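The letters A, B and C name the chains in turn, as written, and every chain counts its residues from 1.
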Amino acid sequence: MNNRSDRWLAYFMILPVVAAVLAFVIGPTWDVGKLSLTQVVMGMERGFGTLDNFRALAADPLFALVVKNTAIWIIGGTILCVLVGLAVGAYLAIDSWQTTILRALILLPWVIPDVVTAMAWKWMLHGQVGIIGSTIQAAGLTDEQVSFLGDPSLVMWTLVVVLIWRKMPLVALILCAAIRSVPSEQIEAARMDGANAFERFRFVVIPNIAFSLTAVTVISMIWITAEFALPWIMTGGGPANASQIMSTYIYQQSFEFFNWGVASAMSVVNLVMLMLIIALYLYVNRRSWASGADK
Amino acid sequence: MNETPRPFYWTFITLCGLVIATYILFPVFWLFLASFKTRDELAQLPIAFWPKDPTIQAYRDLFDSGSQSSQLLNWPTLISNSFTVAVTSTIIVVVLGTFAGYAFARLKFPGRDLILGGLLVSRMFQGAALLLPTYRLMNMLNLQDSLIGLILLYSAFGLPFATWIIASSLREIPFELEESAMMDGASRLQSMVMVVLPLATPALITAAMWHFVGAWSEFAFASILLESNENKTVTIGLASFVELFTLEFQRVGAAATLVALPIMLVFFFGQRYFTRGLLAGAVKG
Amino acid sequence: MPNVFNRREFLSATTALGAAAMIPAGPAQAASGELSVWKFGGTTAEVETWAARNDGFTAANPDVGLNYSYFNGQIRRQKLLAGFQTNRLADVVIAFGQDIPEFAGFGMIQPLDDIAGDRMAGWKERLVPEVMASGMHDGKLYGLPTYVDMASFLAINTDAMAEAGFDRPPETWSEVREYAKAMTKPDRPGIAFPATTAPVDINIFEGIAYANGGRVFDESTGKVTLNGPGMTDALQLYVDLIADGSTPPPTSLTETFFRDTAQLFAQGRSAMWIGLSWLNTPWGTPEGLNWTGVPFPRPDTVTGKFPPVSAIMDPTAILMVSSRAKNPEAAVEYIDFWSQNDQLKIWGGNPEIARIPAGKVAWGEAGLAEAWPNWVSSYEAGTLFQGAEPMPRFIGVSAVENALGTALQEAVLGQKTAQQALDDATAAAQAQIDLLRG
């Protein structure tokens, strides 16, 4: 085989994809980077080459809270999404009619546009007319009906529960598929050696699906970062900014306050933090990642 | 697993199933149930679970030209626009993604892993912050308020992940198959199309379904790029609808069911392949 | 500027009224070309009627290719900003009066005086002057309002009021507290008010605070004045109502916006609620509910430094012309069409009954008189708009109102005292304003 012609063929084949991503994703991102260093006054761009936007961000008393909430959203969301997905995936990997039905239905949250599911959740979680709070109250678990989205101490984690509802099914299906592909001889051998169910899962299944776990973690993190409609429709950052995260705050700064210099600076900070997290994660997991990629 | 059925085991499995099913399905089911209730019934307290007199009035209202909702929102146009955008961009994504995926999986070239990783991470960049620059770009290309612009944009958004899924799955197919085809005189392109792709069908279907759902549900970019009524997509219609009828969940439920139905049909038929494709894609890397 | 447009002469095809004072010579020629119109938000009835009436415009102006688009209200600013950034704003934009200073300041819209001077006389004749004034900014008319909303009003369940032993609605803040407490039952709070960060919820509060001599911003000094006594004491009223135990749980107030609050009132889940002028919301007042709507009671003593207002108002469907309109003649023609009595009657209860109409003709309609007898009588007495001011409007208004919304929630939730919350909001809003204004 001719290596050089292969090389050109390869570049030719990936060209459309790379070009599309450069044009429609990297291009606008570059634009945002430029804007973050531009002073914007009254909607007019007034001179490039200033750090004012970043200074304004550093001086914003809200920004620390936004970073904290974003950490809950992205890191908490990702970890829970993968853990719950792993548990549900392990359950779905069992052969029985119950799991067969669930496997067929579990993707429903994912196929309904979040413009609608966000409204539905908001309605169900409402502190006076919501079915969830009233059921919990009727069961005697709380004295008063809880306002999941109106209580600043609950709102962020409530959003995470809805986020997991939306994203976890895919993770569960992927991990279910991975678990089912673990060679049954290995599990059988461990059973012979007297390993109990937990030990078999921990020492046989987990190492076998390590690459998948790394992959779904990175993918979920990317999905969760890009998710905007859900928090925006459900709380819009409230109450009292208790659920303000980067994406909602960026939207607010650019389209409600018309302060898009600061909004761009925030996007840049957001992006840098995410790349660091992902790079760190991939570095920590370099073994499973590398072995998977080599296959 | 060859456990012998025991009552305890059976109960455990069923209970777990019920808990998961409640969490995953209840919100969807609740909305679906609401679509058969009347407005007064929905306002009642304490909340009634089952509709007292199930009615399909909300569904009729969606299409009845005399009713409020259909004059505002032309569902047939909205659905056909979304369909055009989703199907066309899915075809683009699968075709281009297959070429690129093949290159990443089967050919050696400098920068391969780096480029693939970069493509994947680029998905993170699509947030609220990119709305304005994207709008500016589309305007420069004279593609605002056009379905073609939306198709190109969605394709660019969907390509990295599709490429990755397809590449991962192609890596699993033994090289020997292809080599023997080429020994027999097939060109690389021929061997790719005749030998490799048929084996990668689940991955292609997965990538297609994946992208279709994403394109069908996208709201933020569509809402800022599209202007004229004849170009609007179904999620824009839904958002207006939800705003206008915020307290009439029977209508919201009916509209949601209507919009989710096409995707549910796709999934009903494609589910088997989808799971297999995910297995090949994300599992083996 | 006028020279640019002299090539084509505008002539009203629908009425002779506009044509009378028109361009001098040349053969009569109707407006022609493409015209794009964006409308944002509105009640269902209004949105529907608006679209239907557009057919009348196209019939009267066959040479104008009308490209009308309706968007949901929430993406209003995003859409306009994006359009402005790329020179692609619709020719006519139907948005909020509160937007005018920002849109004008950014150069997005143009004064109608410059392009429609000849139509003004007709507009003045057909529109209520106080309402028309809500389209003014810096001494120029930037938009033609079709109606206004006023803040703030109080809806009272009259059965609950009688049950608690009162024979008239409350008139002062201390009476509001007294009434609310007396009308509270275990399963039914005496009063509810929306406290999300939705702009309308903030307008409702502003109406109360402005009546107490509060203001959010002082244009003459460029300073945010959220923490003045007028604002703080109004916020204290919210806090007191909660402390009295007369409201739903505070955590529920912060997640319940105006429409949901209205619905809870309609379901008998609160005895009073605070809203805007459209208390008779078409969203769910059931048969058999006896209720009345009154202007929100006054403070016992005004504590703010600014003159107290009787109400604040804003036109939420005001027609503006983009400064980049490619076809200003047709745009003016379109606006003129909506200034005609046939169109203005829509808000006289046919079919829209939730607004305070701009057209004089609407005030003579039976529908309005039936729904709002008090409005009509005070309109006829000339007192309806007495002492009313526009809702806050200045460059940076969104940032300030957002900070106010946060303060409102912090105080309602008991995270901060009213004073502390507003002090913090003032600092935050000032920083945003300085940034925006440079």
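Convention: a contact is a pair of C-beta atoms (placed from the backbone, for glycine too) under 8 Å apart; a residue touches a chain by one contact, two chains touch by 3 or more.
Everything numeric in this text was worked out from a predicted model, so none of it was measured.
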So the chain most remote from subunit B by C-alpha centre is C
Note to self: most contacts are between A-B
Whole-Å distance, C-alpha centre of subunit B to that of subunit C, is 39
Rounded to the nearest Å, the gap separating the Cα centres of subunit A and subunit B is 17
For subunit B, residue numbers touching 2 or more other chains are 45, 131-132, 136, 239, 246
Among all residues of subunit C, those touching at least two other chains are 78, 81, 260, 269
Contacts with two or more other chains occur in subunit A at residues 129, 254-255
In the complex, subunit A touches subunit C at residues 39, 41-43, 46, 56, 59-62, 126-129, 144-147, 149-152, 235-241, 252, 254-259, 261-262
Subunit C contacts subunit A in the complex at 77-78, 81, 84, 102, 105-107, 196-198, 248-256, 260, 264, 269, 395-396, 398-399, 402, 405-406, 409-410, 413, 415, 424, 427-428, 431-432, 435-438
Interface with subunit A, subunit B side, in the complex: residues 1, 13-14, 16-17, 20-21, 23-25, 27-28, 30-31, 45-47, 96-97, 99-100, 102-104, 107-110, 112-113, 115, 119-134, 136-137, 152-153, 155-157, 159-160, 163, 171-172, 182, 188, 213, 216-217, 219-220, 234-235, 238-239, 242, 246, 249, 252, 255-256, 259-260, 263-264, 267, 271, 275-276, 278-279, 282-285
Subunit B partner, complex, touching residues on subunit A are 1, 3, 6-7, 9-11, 13-14, 16-18, 20-21, 23-29, 31-32, 35, 88, 91, 94-96, 98-99, 101-117, 119-121, 123-124, 129, 131, 134, 138, 165, 169-170, 173-174, 176-178, 180-181, 209, 211-212, 215-216, 218-219, 222-223, 225-226, 228-229, 246-248, 250-251, 254-255, 260, 263-264, 266-267, 270-271, 274-275, 278, 292-293, 295
Listed in rising order, subunit B residues that touch subunit C in their complex are 39-40, 43, 45, 68, 71-72, 131-132, 135-136, 139, 144, 223-224, 227-229, 239-240, 243-247
